[in-house]
Amino acid sequence: MSAPVLDVRSLSVEFESTLGTIHAVRDLSFSIGEGETLALVGESGSGKSTAAMALLRLIPNPPGRISSGAVLLAGRDLTALSEADLRGVRGREMAMIFQDPMMALNPVYTIERQIGEVLRLHLGLSKSEILAEVVELLRLVGVPAPEERARQYPHNLSGGMRQRVMIAMALACRPRLLIADEPTTALDVTVQAQVLDLIHGLKEKFGMAVLLITHDLGIVAETANRVVVMYAGRKVEEGTVGEIFADPRHPYTRGLLGAAKWEEADGDLLREIPGTVPSPFEMPSGCSFAPRCAEAIPLCRSAMPELKDVAPGRPVRCFLAEGRGHG
Amino acid sequence: MADGASRVASAGGAPILEVRELVKHYPIRGGLFSPSQMVHALDGVSLSVARGETLAVVGESGCGKSTLARCIIRLEQPTSGHILLKGADITVLAGRPLRELRRALQIVFQDPYASLNPRWSIASLIGDPMRLHGLAARGERRGRVASLLETVGLGPEFMDRYPHELSGGQRQRVAIARALAMQPEVIVCDEPVSALDVSIQAQVINLLKRLQRQFGIAYIFISHDLSLVKHISDRVAVMYLGQIVELAETRAARRRVLHPYSQALFSAAPVADPQAAAARKRIILAGDVPSPIEPPSGCRFHTRCPYRQDRCAREAPQLRAVEDRLVRCHFAGEPGFPPEVPA
Amino acid sequence: MRSTGILSLAMAALLAGVTAGNALAQPKKGGTLTYTYHPEPTALSTIATTAVPVALISTKIYESLLEYEGAGLTPKPGLAESWTVSPDSLTYTFKLRAGVKWHDGKPFTSEDVKFSIEQIALNYHSRGRTYFGNVAAIETPDAQTVVLRLKAPIPYLLRAFQPSETPMMPKHAFSEQEIAEKKVRQARIMQEPVGTGPFKLKEWRKGSHIILERNADYWKPGKPYLDQVVLRVMPDGAARAIAVEKGEVDLAPTSALPPAEMQRLSKLPHLVASEEGSEGLGPIMWLEVNLRDKPLSDVKVRQAISMAIDRDKLVDVIWYGNGKPARGPIVSGNPNHFDASLPKFEYNPQKAAQMLDEAGYPRGAGGVRFKLTQNFLPYGEEWVRQAEYIRQELGKIGIQVETQSLDMGGWLKRIYTDWDYHFTSNFTHNYSDPTIGVQRAFISSNIRKGASFSNSMDYRNPRLDELLLKAAGMQDGPERKKVWNEVQAILRNDLPVIFLIEIGYTHIWNKRVQGLITNGISMYTNWDSVWIQ
Amino acid sequence: MKKATFQFVLRRLLQVVPVVLAIAAFNFLLLRMAPGDAADILAGQMGHATVEFTEQLRREFGLDRPLYQQFFIYMGKLLTLDLGMSHLQQTPVVDLIVDRLPATLILMVSAILLAVIVGICIGIAAARRQGRLADNLISVAALLVYATPAFWLGLMLIVLFSIKLDILPSGGMMQIGAGHEGLAHVLDVTWHLILPATTLGLFYVAIYTRLMRASMLEVYGLDFIVTARAKGLSEGVIAWTHAMRNALLPVVTLAGVQIGHLLGGSVLVETVFGWPGLGRLVFDALLQRDLNLLLGILFISSVVVVIANLVVDLVYGLLDPRIVHR
Amino acid sequence: MRRLATFWLRYRRNRGAVAGALALAVILALALLGPILYPTDPFDMVGRPFSLPFDRFPLGTDVAGRDILAGILNGGRVSLLIGVLASLSATIIGVALGAVAGYYGGRIDDLLMRTTEFFLCIPSFVLAVVLVAIFQPSVVTVTVAIAVVSWPSVARLARGEFIAHRDREYVQGCRAIGMPDWEIILLQIMPNALPPIIVVSSLMVATAILTESGLSFLGLGDPNLVSWGYMIGVARTVLRTAWWMAAIPGVMILLTVLAINLVGEGLNDALNPRLRKR
């Protein structure tokens, strides 16, 4: 594998609040290569979306800040860039699409203007070039009648079309990395399939790296190459899709998979993870998953396990992970 | 009519709740110069559910499944059609009889953050139904609330808390306890877990299943999550643009579906298994769901159907028995239809 | 000074004082005189209304037969060159000036005079009947001669020809129909005035200003001196004061400024303040008392109330020294009719309380003898202050007063139509003769519902009625004065109203304005001799 | 689109007719409850007037008829847009209003423009510096201005700028008698407009500053701002295009509601500055019981409010493409 | 109790609001206790007019030689009374009508909307002036007039809130358990709809005080009572001679209105559920 497109090293993000500091992301490292899709999986509050926002330095400051770590995009550390230089990266080398395409598009501007903005800013295209390029981009993402759609406003479009527009906007400068934050959660199943298909096809076509953020293991199974599982701000397990689904090593991953595979529990009760995600203000001592973990040993409640490779490229944050293969 | 199909159509045994040809149209107010329009939310939906049974209603947003739920528990007045509870027509009830009816028919909403009034304590939220229906004297009420909380897996210590102090899963348990307080025979579950975290969903689904076994409650389970539906339901109704397009036993539907829309829907649902995902072929439908204001002529699915014929645009298919189920398609039941692998 | 009736010396002295250091200044032609008053006039002729703002401006446009000198308003020639009065005082012959032209160029004739009296003054002017009710006939033997034949003597007839009271209107400007249907008020001339005066209308921007410009064809050669007279409408008193102070406005006539501001402005070096020049109006203020019910029907109670009010303090504090305590119904500035021997009203709250005890109104719970409702004339701040002061003072002698605020419409209705009040402040003008300004308020025949500024008190005194009617038919002189003296004595004793103060009309002007004060109605003269330095 | 807008305007106007007529009827009946009438006042103004004289006036004004007759006569005339004659001035009410309306409109429009433009700019500036010193200062200043009675402020401004500094006129709408024409006239009026428009506008500047700030902060919390940032747009561009246009919507809505308030506020400001507008006329007409004039002004002002609201709606439609005028 | 405590926790975060509450408390205390502690009658001519503050009288005397401090203390009572009563009545009327219209919609709603449109079309201050002038100025008419011109905005707000809430799931849930409408309106929606209404009506107190002062400025105040607006009205004509005379009550109004606004903002922060989620 050549040098990764994105290399995140020990990234930590904090938020100040009146009740204390929230460590939303702690010591997160991962990398994505060209043409690869990495899925960042976790429940709400796991820090996956915060991590994605931190990559583009879009964490509102105050109250949030990147407290440590580095984000290397093609070898360049984004955390060290000036705000102006950073703007040259955003939208050009690294683009992002969001969960709710209705909210993510400005309701008062036309599609053409919103996509065109990127083209003018980063590529310096002229007015007529912009229109042609916008139409081309819309065609690329499968928007029917692109000339007409370009002149319309977001509210004229359906949810799926809007997400296609978002993708077109993200792809306008052929970025090296596309961050897709829950890109299909707000869409219907049949449309979700269309959009995932589209992202996959475009990734192949342009050789982008894709960071897919999702809570849906079904989507992970269908689209990702590698998976990073997060819990309470930390990475708890990483591996290829095959490894994670076939051989989950962390009890949380196992719990998630169990809860997701409805069909395997035909007629019976599902395997459930008891309890709830801990509040960021009341993090348990020791392993943050310990209170919900059926297999926890006393050590789990007193010390936080480190990530340990159980196999090459297979780090797991669990005292019991080793020696437990294929359980 | 095939034997299996008749069983599917009218639920096993005597239905506790029956819906006949339910229609709901919403007017959209027109202007002075523009005619008013109608949203066809429901167009002739019929189904039934038996004691202790779970009937799932699936479909994408805008298919009318939530309207169906609200019509059934009489939060909205259907335009036409009938709703029968234990054989009695409850479509036109009002006032006291309607309130009596409420006891038997309850609902659990999708969003546990929105479905509990943040101003009241858990005890009064769960105690309200008892108070309103005189189910427990004032003195007994707290005891009853405590035991209901126990039933849904929460301790009595929750009684004096407020909804905002609870997690999503806990709130949904409270919502279920509130419905249970009426000792209902049918609960309409409107996407009860879709707002919850994955790890919590299983808890709530398990709770619902346990309660069903314990009290013999019938569920009408509205959802867009096909894998969940396949897991929990006994029968499944697939809706598209205000109509049921396929109604089958879940067991049978898991094997195969006959309507092209059901087929696309089921194939589009992601499966949490990379190998299976890689192996299977997905049908990716073109376009979006058409507007329910002006539904397509003929078969409502024809604009997106990969197998459409000229006839589909002209002639509206009826819901008819095909093999062991009901299907609304001209060609269902023909040999090799729908094809296993799309063209 | 004013009581001498000899004007010229007094006037010269006054002018000298005003133009100190510049005593020999010659009148200069040109310039604009800007004055401010509020409210804005509703018309440009006093036949529609005689309200102060209207009279202030219309008198520059319209003239009457005579002009006047001095505080006592000694008649002198105006549009009438000369006049004669028959020995029996029943025939007045006026010789009109030749060559006088209306603003539209048509000649002014005796027909216009006859028309102005018969059709306009008698029909439309609110005092027309008082002035000319006893006129039997008006003859116009030729274009320059007018003869008035009377049924009975009119003692004040020669003072009736003031421009605000009997303005000469051009007959030709009215259509037959307007006259016949009594639609004079809607006539075009009401908005586009045509007079004989030294100024004519140039521009009227409603709500903002009125500009009068010099009448080039004015009949007095070389006059007027001013090019323009401008009225600036400024609704806020403080803003008016500021404009005067800044010199944006040259003149604030007839107490156009808040009294407190007048006191301050009068001390500024570039401004002059004077109460002179309004003697012909004779403003007087009193508490009008409803005599229909107890306890106010009891004269002792009224006398006690009168004694409880410190008029000096009232003048001093509420009116900022603007005016003087009243001594009776006739203002002390009226040289012809005022009884100068009258003492000031006594202020003695202890005695007042004692009188109430004697009258049978002992103090009750909380020291309250009885309760009264007070109204006040809605003319502005000071009237409210005064009401507040009176409430406090009467409270001290055990009369609990509640003040009720009404606007002009409500006040007029309540006082003069409903007679539904206990007491209220009121303010009237004596005008040039008590028969015009005093008689109306006290004569019992004027107890009529709906008649404003009439005898609302229900005061009936046959002796007084007799005296008033007698005075109305006499020529001015010592005999008539004796009658008025008795009237004043009766009213001072009966107190059908509680005379408070003679409010001075204070005019404030910039020192560059010259020749403003000329007689007892200085602001209602045509200002043809006013000039700007 | 054009046609739709036209239809929208037409429909709105038609809808408003009954409201405006109802207002006229309400006003008529309300004002007739006031004791005294124009004849009383006029007679009173003349000093002593006889009963006959007052009755004659009343006949002339048509005030002697039964109330219901007066009402139907008035409403009937109103339908033909005839506002009748002013009792006191004996001039058609329409003429009087036409004389005064422009002044009020100039004052109101400049005040609201001032308020909207300045308020929006300051509001945006504050929102971009949320929590910092500049934001706090702006917020405090806005609150202070918001709490200041307008008439009091007007007087203080006169004291400062007109008396102490002597750089602005203390009142009036133009230099009287100067006879300026064309541009000179416009400049003259502008010169006189500064203080009254500021007095009337400052309060609304405070309102719009606060509202715009809050609205901007709300918009800043929306996802499309994150999208804009992710595209690489600068904060300035985001604030003045993406955020502002959306944040304007509630501000514009408020502007519509405020028109009526503004008219009310102009009563006080016109009083203080001697501005020859409708605001003061309404008060004088009320005190003089000039019924027709008063009704006419109230009628016109409700029409002004209605039209202003319509304009606001149209502006809203321009700002927000989601609004479909149906 | 606990909810009160959490409310206070949230409220306390806004320092301006705390300052405003303190200031308001002081003003209220002065208005309530002041006339008892400083019993001079505000209408008594106790000295020469225009005496300077801190000379013989703490705040000097007014145009008629009356003690300004006595006026400030007594006037606060009237201003606040009018402000609070007018806002309270406007709120009660507005909420009642808005709630019914918003909850039921349909004809009732149409009627209310037409009515509020009606009021929006009449400049509110002008209407207040007309009402007070016609029915004679007194505390009651001023209060009623202010309430009459204020309720429509509350009604609109309440209606909006009720429309926003009536189809929420918790309301539907209440209907589903057979709760009668009045109980849903009063006990379920009302507590949730009230916070923005409380905020608006607290701000309305400030507006009402300003309106009262505007009316007094035009000479339409109760002549028997001293209010701050009345005091400005008294002093406005002598602004040049004695600016402090208008400034003192002006500053009192400003402070009170400011304090109320700060409290209103604090309430907004503490009660607004939208902000709370963040």
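Going by the order they are written in, the chains are A, B, C, D and E; count residues from 1 in each one.
Quick note on the criterion: contacts are C-beta pairs under 8 Å (C-beta built on N, C-alpha and C of every residue); 3 or more make two chains touch, one makes a residue touch a chain.
Treat the numbers as computed from the prediction; the structure is a model and nothing was measured.
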item: Partner chains shared by chain A and chain C (touch criterion as defined above); value: D
item: Leading chain pair when contacts are tallied as C-beta pairs; value: C-D
item: Whole-Å separation of chain centres (CA-atom averages), chain A against chain B; value: 32
item: Whole-Å gap separating chain D and chain E, where each centre is the average of the chain's CA atoms; value: 23
item: Averaged-CA centre spacing for the pair chain C and chain B, given as whole angstrom; value: 89
item: Whole-Å gap separating chain A and chain E, where each centre is the average of the chain's CA atoms; value: 51
item: Multi-chain contact residues (two or more partners), chain E; value: 133, 236, 239-240
item: Sites on chain D at which at least two other chains make contact; value: 34, 155, 159, 163, 271, 286-287
item: Residues of chain C engaged with two or more neighbouring chains; value: 236, 238, 242, 245, 378, 406-407, 410
item: Chain C to chain D touching residues, read off their complex; value: 32, 34, 39-40, 42-43, 48-51, 125-127, 129-130, 182, 185-186, 190-191, 205-209, 211, 228, 230, 232-236, 238-240, 242-243, 245-246, 248, 378, 406-414, 416-417, 428-429, 437, 440, 448-454
item: Touch list for chain D against partner chain E, complex; value: 19-20, 22-23, 26-27, 30-31, 33-34, 139, 143-144, 146-152, 155-156, 159, 163, 221, 257, 260-265, 267-268, 271, 279, 282-283, 286-287, 294, 298, 301-302, 305-306, 309
item: Complex contact set, residues of chain D against chain A; value: 131, 222-224, 226-234, 241-242, 245-246, 319-322
item: Of chain E, residues touching chain C in the complex; value: 41, 43-45, 49, 63-65, 133, 136-138, 219-224, 233-234, 236-241
item: Chain E-facing residues of chain B, complex; value: 70, 73, 75, 98-100, 102-103, 105-107, 109-111, 114-119, 128-129, 132-133, 162, 175, 178, 181-182
